[in-house]
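The structures come next, written out as structure tokens.
Two complexes come next, and they have one chain in common, subunit A, joined by subunit B in the first and subunit C in the second.
Moving on to the complex of A and B:
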């Protein structure tokens, strides 16, 4: 039986319903509408009309009524590249682009295949490392202590997700193991890590591990911190995957067994792909949180984009332009985080469309 | 014992014993190396250092502290600092988050736009950046001489936020506590007997206590200590230092964005049919909200809210970045000063586990109590 679609609402009727339908609505719309207009006008005046876009030093901003964007012109390179040698900034910028392109491409369904994804990331991350470290193809070597700014943020983020994802799969499978000792150990580790703040874990990796591990095993401080963060990510992601594995119908595994697949094939070819698919929205959410929280490493002494932003304020006379610098930093994070979460929303809509058929 | 059936198969047995052995070996290796390193550097081990005095100051504390306080007391102060800022942020974030959630489901376009914009801005910028921002705002405020005052009672300057505070002696507090106890008892007793006057009885006790306090006061001693400018500083009132204020504001605004989303989800999860049923029974829109929508939404929200509250407690650790001596910051300074790395790390982790497990346990109990019984 066909049901006639409801009559289409006109724009005016829609606006009336959403803005002026009751007395209360009318008052709220007028009062808050005026408030919003005032705030918008103030922001417009501050950020654009009264702003100083370019100035040799901060004195030029003292008399201005608006924002002092000149600080970004003067200190932008420090914020984006940190302590990376000035004449090699193009390498840091290219490395950022390479890894951003890799991230962008792996969002494309064409690359959603284990082999393609692996090849893409080996290529993208390899290019990033070659550009950042140098020492080959005539590029001057740059040690990891000099890395900084946005490229360090992106390195930590990608390192955490790339190293953490396999760990998460391992932990999720271990937590669902039939062997009680394996299950108990994985469960205990996941629960303890999840109730600790990320900072305590990173601090342990940076400061305490050198005390507890023989010298030949210590590795670089950056690598230790990325691995500790990856473990933290993995413990959250493992719980997401566990929920995903639970949501895969028992019949799927049984069908695979009836077809003669080995238990490993059953897990990796039948159950895990479905678990990943079912939990994509939560996974993206976890990745978004991971990106935001990379800013925590600034506390344990890394010079990523948050720390270099603070350094831009501390050095010289731009200290008064703190709002401008923090707004700029906020925009940098916002672009990545908002982009990722919009992508997550798009994926969710795409999946719902798939389920309807 | 069917649970341990897998111990009987040989492969399962080998794997599990092997895993335990590897874990034991790794732990033993870590501890032995640490011991060797610590003894090699001539550092002490054990928990004896807790009684020693620290020799360094802590700039914000709810309990009395000096440079001569013991490590144990300073660690306790840090833990209390974490709890105070976490608990206050939790309350403020919940209030603001509820308002945001209501705005986003109100149906009014302007309110929805405001709510959505707020959530997107505050949720998509890292917490630590917001803490730095508010700290910079608080430290760039005018000096006490040019302080911003609201209604002659609240003073905002680069030394922090000064609020009027009640001046209560220990006796006064005792009277108030007794009155509150009596009020609660009156309510419970009245409710047991099916009387509806419990609320008024409880209020009566509090009013009586207030009158007693007022009458028993020495003349000339004000009930409230109001901040005022004295020379170059502000005297009286309760001072919230810039570090504390900035962290509190940052945590509350950031947490509110998430809680707003939880509240919105909870309100939207209530089936429209139940609301329509309420209206069909003749309830007013207000009654529908109060007796049907809110109770059901609260139940749907509680698990997500619990996670958010635990997250908020953990997020207090960014305080170290702006100089707020929370538990983590105090432990980290103590490690630098005393070198008792492993002991202090153990205290740090146990402290956070205790706080988060207690909070999680309490919220789970609440969830069990409130959950709809039987099928939902």
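Moving on to the complex of A and C:
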């Protein structure tokens, strides 16, 4: 049933009704309006009008009233690419784009099939690895120790979510299993991992494992860390999904069984899609937290974007411009996290379509 | 520098694991392992430690500790480029050495008894004497800590520095007014705002504090040493051949400074060596390389590529850099410092 839209109100009429209708409203509007304008003016003055855009070091900024954006001009490449060799920065940039494109495409409903998604991510990660590692097609090899900046942050984030999500589904299903051993193991694993600090888990994966395990089994440090992080992510996400599965009415499973669907079909066609839809806000939450927490890997010597930001301001030339570096880093995080949030909102609206009557 | 939080984690891990050293720590032969690999794995930092490990605009490492890594790589391979700097955090350095992620720790690491005896590593002779100094406002006109009698000292509450300062002041009968702050940022802000006459701290920290001040010229690091922490280069326990190379690398840098041999004049001196020892040092007559398992011109290569100890100090943390950290105790023995070369016979 369609409801006719209310008649459009002009902006002036709206402002009069909502902001200036009584004397009290007028005063509140004026005071807050002036406050907001003052803050905006200050920010504008700092960020643009009084800013220094180009300088050999932060001495030139000492007398300026505004921001020292020259630090971004001089050190921006270090922030974005970390220790990656300077002449190969284009590869790191392309690798970043490849991962962002893969992330973007997997948000597109056309790719929402297990096979297409898998192919997309294999291709995306493959391209990323070829570009970053080199050693093929005439690209100079670059060891993982030299990876850094935004491309490393994105790699860790995507690796964790892409590897962690299937693990989470597995754990959530195992925890609801009718077999006590499977159920107990999954529950035990989730509870143990959740009660460990992430830092300890990552430190163990990066630093302690090589002391315990023979060389051929160690694998790459970055891979170990991403897998440990993925396990941590999976344990939280599994509980979110379990909540979603519990919110699906038993009758649906019974109805599916009555229609002759196999148990696997029942789970993957009926229950899981609804569980995902019902838990979408918490899932997006978890993904956003994961993105922001990737900066924790700096403690085990990875030069992700936060660490390279610290390296960028950590020089005699630029130590005073730390606010600008942190603002820049904040913007980088904001772009990704805000994008994720908006995508989540869009996804929710889209999924609600089926329920609107 | 001793850091309590993560350090204790690292120590605990190292303690727990030291009896079970992996295959990477086999007795001896470490020099051969490094030579076969073709590059030295040395510690960097997860970010930046001003003056000692920083990253330049192109993503290349620089700083005093990095130059020591480069000198060691030059001693072994003849070129400073046969080096991989592995970024590690403070907490990670000892486990990273044990697991073979790095060959050597050159990371402002104090030679302490617990590290030496419990962590399965051994230290080289100190290559840097970490001093605790006082930095005061220049307009006060103090040239020694005693001139600051009755002054206001900003300190971080509950740190080693607070105790070191109190001990020194008491021992020397100087009265002062401590003003304690919880955080380093607050401390710096208070100093810059002129709320205190002086601050005490680890030398490199003071140099970094000064360089980040609105006007670095307004502050001066005084020569009086409150306390010191000798920093050594750490290798795994039992790698004696490798430790020999490290020790003699440091010694050669110091000897070159003592004899006035620099990167600029080393070729000249090599052509006409003034003494048999210099002759041996620069590989004109044999002996210096073979006994260490290196080539005879290794010391020449190090001096040619990196300069002597004084040159390295000067361009990274000393007067030639923005930090202008006084040589102080890190000067040679005959110039009022604590450093000396061993005997090259």
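Everything below uses one rule, namely that the second predicted complex is superposed on the first by the 317 of 357 C-alpha atoms of A that agree within 3 Å, B and C clash if a C-alpha of one lies under 4 Å from a C-alpha of the other, contacts with A are read in each partner's own complex, and residues count from 1 in each chain.
Note that contacts are C-beta pairs under 8 Å (C-beta built on N, C-alpha and C of every residue); 3 or more make two chains touch, one makes a residue touch a chain.
As the structure is a computational prediction, the values presented were derived from the model and not from experiment.
Once subunit A is used to superpose the two complexes, subunit B occupies space that clashes with subunit C. Shared-chain residue A:192: touches subunit B; no touch with subunit C. Once the two complexes are laid over each other on the shared chain, residue contacts for A:211 go to subunit B and to subunit C alike. Contacts of A:230 after superposition on the shared chain: neither subunit B nor subunit C is touched. Legend: residue contacts after superposition of the two complexes on their common chain; A:82 is shown touching subunit C, with no touch to subunit B.
Look at A:203: by the touch rule set out above, it reaches both subunit B and subunit C.
By the touch criterion defined above, A:143 lies against subunit C but remains apart from subunit B after alignment on the C-alpha atoms of chain A.
In the overlay built on the shared chain, the residue A:36 is in contact with subunit B alone; subunit C does not reach it. Of the two partner chains, both subunit B and subunit C are touched by A:299. Looking at the shared chain after the overlay, A:311 reaches subunit C, while subunit B stays out of its contact range. Shared contact residues of subunit A, touching subunit B in one structure and subunit C in the other: 203, 207-208, 211-212, 298-299, 310, 313, 320. Contacts from subunit A toward subunit C in the complex involve residues 62, 74-75, 77-78, 81-86, 143, 145, 148, 203, 206-208, 210-212, 215, 221, 298-303, 307-308, 310-317, 319-320. Here subunit B touches subunit A in the complex through residues 3-4, 6-7, 12, 15-16, 19-20, 23, 30-31, 33-34, 37-38, 107-111, 113-114, 120-121, 124-129, 132-133, 136-137, 140, 310, 314-315, 317-318, 320-321, 328, 332, 335, 341-342, 345, 348-349, 352-353, 356-357, 360, going by the rule given at the top. Remark: subunit C residues 6, 9, 13, 17, 20, 22-23, 44-51, 54-61, 84-89, 91-92, 95-96, 98-101, 208, 211-212, 214-215, 321-323 touch subunit A in the complex.
Across the complex, subunit A meets subunit B through its residues 15, 18-19, 21, 25, 28-29, 32-33, 36, 178-182, 185, 192, 195-200, 203-204, 207-208, 211-214, 292-293, 295-296, 298-299, 306, 310, 313, 320, 322-323, 326, 329-330, 333-334, 337-338, 341.
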